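Read from first to last, the chains carry the letters A, B, C and D; within each, the first residue is number 1.
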C-alpha cells in the first residue's frame, strides 16, 4: 500500500460531523419547501413468502433546507449570474444547466474554522451582530490559522447553539449574526473556495430585517464564484479547538438545481 | 502542517465519482417514490429592490433511488431486524430509531473494486448471471487486491453500462447479474463493512423473477450488519484499472429512515 | 328534459364556495405535511415543432391541509376505530382499506349553517369560547332551520375572518372557538351526516392548550361515524344570510387515506 | 322548503362516479410527477393521554394525474395563451395568475355522454382510431341527445376498459383513440363549456406517435377557452345507458396551477 491518502486513512481518522440531522419540524427558512420524511412501507406491511420484508421511505424538501450548499445558480444580481450569464435565460427548461449544483465538485480540501466568539471571549454573538474584517483577522491570528487560496472557511458565530429552539434560530425578531459585504469581500480576496456559517442565511441579518438584503451572497456567489454553506453545526469543532482540518463535502448530484442538502465533515488524523 | 491526512489531501488527489446523477426520468425501482426535481422559484420571478434574486428547488424521492445505501432497518427476516429487534415494533412512531440511516457513520475507508467481467474477460455479465465465490476470488487474485476486514467492496458486473437505457437497466425481462447467497456469505466472512454493486438490487435477479427473493440482503443486512450500496457507477474505476482506493461515502442524516441517496467517491493520491 | 335535478340545475343556480384557496404559505397545522405547489414545466421551457407548449405542476401536501374532510380512519380511541376495528391492525399495509377516505361518498345533501356569532349578536367568537348546546339550539331557532337526520351542519364561529392572518388563525396562544363534547353529542343525536366548522381543528381549543384533547373528534368520528369538515370559509354564507342550501362535497378518491382536501359548495336555486 | 334544487336533491339522486381512484402505481403520463400516498403517522404511533390517536397522510402528484381537468394555462400555441396573453410572461412568478385552475369555476351543468363505440356497434375503439365528426353526430342522433351551448360533453371511446392494465391504457405502442382537430372544432362550434374523454390525452394518438401533436388541445384550450377533462371512467354511464345528466365537477382551488385532479360526477334524479 503506497497510496499516501490511503495510508493516512488507514492509520486512523477522527471525524467531526458538521451537518444537522434531518428531522421533520427542524428550523428552516419558510421560503423553501419543508423537509418531510415518511415511511410508505414499514416492516409488517408486506412479507415475502421466504419471510423477508423491506421498509422504505419518501422524502420531500427544498435544497436549501438543513445544512446545505448554494450553487452559483442560486443568486443573481441585476439579471445576471456569476460569469455574466443572463439569469432568466439560464432557467428556461427548468434546469440550471451551466451553474447548477451538479457542477459543484465534491470537496476534499483544507478547512479552517474562524471561531469568532472564542476570539472575542464570548459564548456566542448576538442577533444582528456583524462579523467584521477585524473579527476575521483577529480569529485568524489568535488561532494561528492563516486562510489560504482554495480553502473552505467556516465562520462560527455560536448561533448554532439555538438550532434546537427552532424559531430562535431563524431569528426573525432578533436578527442573526454574520458577515456582511466587508467580510465577504475579505473572504473573496483570500481566494477561498467556499465559505460556511452556523446560521441559515450566512449573512448578518438585522433585527426584524428579514432577508431583504443579502450582500454577502452577491459578493461570494455572483461576483466571485465562491460557494456558500449554511446551517452548519460548528459547536464540536469549537469545543475541541479544531481550527484546521480536511474538509469533506459531497453535494447531491441533482441536475440543474440551485443547491443541495449536504453533510460536511471535518476530518483529522487520529 | 503536521496532520498526515491533510498533508495527503493537499499533496493532490484524484477523485472518481461513483454516483449517478439525479435526473427526472432516470431508471429506478417502481417500488420507491420517484425522483422529481422542480424549481418553485426561478430568476426573474421575484427581484429584490437591490437587484438581487434567488432561485430555489423542490425535490421529492424515495431513499432507495439513484445511487443509495441501505441502512440496517431496510430489511427484516422472519420478523426481526439485525440484532434481533422486532421489526414491526421498530417502526412504531414512523422512524427506525435504532437502525435508521442516521446510525450509518460516514465512511472514509479502504475500498476495493472486484471487477468481475474484467477477470472473466468479457465486457459485462449477462442478465441473471450469478457472481460466484469463484468469480470473487478470481478477481481478488488477478487484481492482487485482497479483501480485508472493514473494507468496502464494490462488485462490478458491467451492468451499469445500461443505466442510460432505462428499462434495460432495471432488467425486468432479462434478469440482472449479481451475487447470491454464496457470494454474500463470502463477503460476510471477509468482514467487510459495506458491499456495493452497479445494479439497482445488488443481487442476482433471475429473468422475469422480479424481487421475490433477495438472499444477499438477508445475509448482509440482517445476519451480519453489513451495509449495501446500489446503483453505483463503476465504469470509470474499471476503465482506469483502479482496484484499491479511499472510499468516501456520506449518507444523508435522515432521522429514522431506511436508506439514503449517496454520492460515493473513490479517491487516490494524484 | 324531465329529470327533476337537471331542470333545477338548468333553471339557474347560485354557488357559494366554502373552500379556501390552496396557496403556498397559507395557515395549516404543523402536524401535517405542508402544502406546496410548483411548476416543473412552464411555457417557454419546451416548445413542440408545431408551436405548441404545455406547462404543468407538482403539488405535495397532507390531506388535512386547507379545507378538508376527515375520514373515519383519521381518529381512534383506546385502540379502535369506528365500528370496533383494531386501529393498529387497520393500518398494516399502509392503507386504511375499511375506513379510508375512498369510502366517503360524494355528498349532495341538505346543508344547514348554524351562525353562532350572528345568533349571539357578535361578529365572531373569541379564542377558547365553547359553542354550547344552547348556542346550537338558539341558532337553529333564530334561523328557523331545524337540523334533520342526514344533514350536513356547518357551525360558524367567525374565526375564519382570521385565515389571512396565518398564525392568528391557528391560535396557538389564544385558543380557538368551537364545540366540545356536549355540542358534538348534540350533533350526533340529530343524526347529521357530517359536521363542519370554520377552524382548523373543529373543536374548541383552550388557550395554549394545543391539540391535546379532541373530544368532538371522538364523539363524531369514532363513536358515531360522522365526518368532520375543517377550515371552511363560512363568511359569505353568513353575509348573505343563507342558512339552508344544497351542500356539495366531493372528496378526492385516495385509496386508504385518512382524509382529503375538499372544496365544498353551498348551492341554491337562483 | 321551496328551493327547487334542494327539493330535487332531497327527492333522491343517483350518482355515478366518473373519477378514477388515486392509487400508487396507477397509469399516468411519465411527463407528470407521479402520484404517491403514504401515512406519516399511523394509529399506534402516538397515543394521547386520553387514549385518542390520529393518523395522517402525505400525497405528492402532478395535477394532470388521475382523472383531471386542464386549465386554460396548460397549453399555449405560438407563444400565446387563450385570449392572447404571452405564455412565457404569464408564468413569471411561478403562478399562472390569469388563467390558472383557480379561475375554473365549479361546474353543475348539463352533461352529455357521446358513446362512440355503442353507436358504432363495437365494444371499444382501437388504438389510433379517430373519433370523427360523423361519429359525434351519429352518437348525438342515435342517443337523441343534442349537444347545446354550455354543456359538458364526454366522449366515450371504451379505452377506459384498459385502465387497470396500466401500460396498455397509456398506449405508447398501439396509439389511443380520440378526436382530432375536426372533432375538436365541432365541439367548439357547439359552444360546449368543457369536453372530456376516457383517455389520458383526450386526443387521438397515432401508434408510436407519442404526444408530439395535440391539435385538439390547441383548438379547445387555446382558441376557444374550452376546458378538457381526461382519464374519465365512462363505463358505468355507458352500461346504464345514461346519456344526459347533471355534471358536477369541483376543481381543487390551487392558485396559479395548470390543472387539477378532479372526481366528476354524473347525477340524475332517482
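Criterion: contacts are C-beta pairs under 8 Å (C-beta built on N, C-alpha and C of every residue); 3 or more make two chains touch, one makes a residue touch a chain.
Computed from a predicted model, the values in this text were never measured in an experiment.
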Exercise for the section: Any chance you could name the chains that touch subunit A and subunit D both? Expected result: B, C
Handout entry: Partner chains shared by subunit A and subunit B (touch criterion as defined above)
Key = C, D
Exercise for the section: Superimpose the Cα atoms of subunit C on the matching ones in subunit D and note the rotation angle, 0 to 180, in steps of 5 degrees. Expected result: 180
Completion exercise
Check: interface with higher C-beta contact count, B-C vs B-D, is B-D
Exercise for the section: Could you pull out the chain whose C-alpha mean position is farthest off from that of subunit D? Expected result: A
Completion exercise
Taking each chain's mean CA coordinate, subunit C and subunit D are separated, in whole Å, by 25
Handout entry: Cα-centroid distance, subunit B relative to subunit D, in whole angstrom
Key = 41
Problem - subunit B-subunit C separation of Cα centroids, rounded to whole Å - result: 45
Exercise for the section: Find every residue in subunit B that makes contact with two or more other chains and list them. Expected result: 33, 36-42, 44, 58, 60, 94
Completion exercise
Per the touch rule, the subunit C residues reaching subunit D in their complex are 1, 3-11, 13, 15, 17, 19-23, 31-33, 37-44, 47-64, 73-79, 81, 87-88, 90-91, 94-96, 102, 105-106, 108-110, 212-214, 217-218, 244-246, 248, 250-259, 261, 263, 265, 267-269
Practice task
Name, in rising order, each residue of subunit B that touches subunit D in their complex.
Solution key: 25, 30, 33-34, 36, 38, 40-42, 44-46, 60, 92-94
Completion exercise
Note: in the complex, subunit C contacts subunit B through residues 24, 36-40, 58, 60
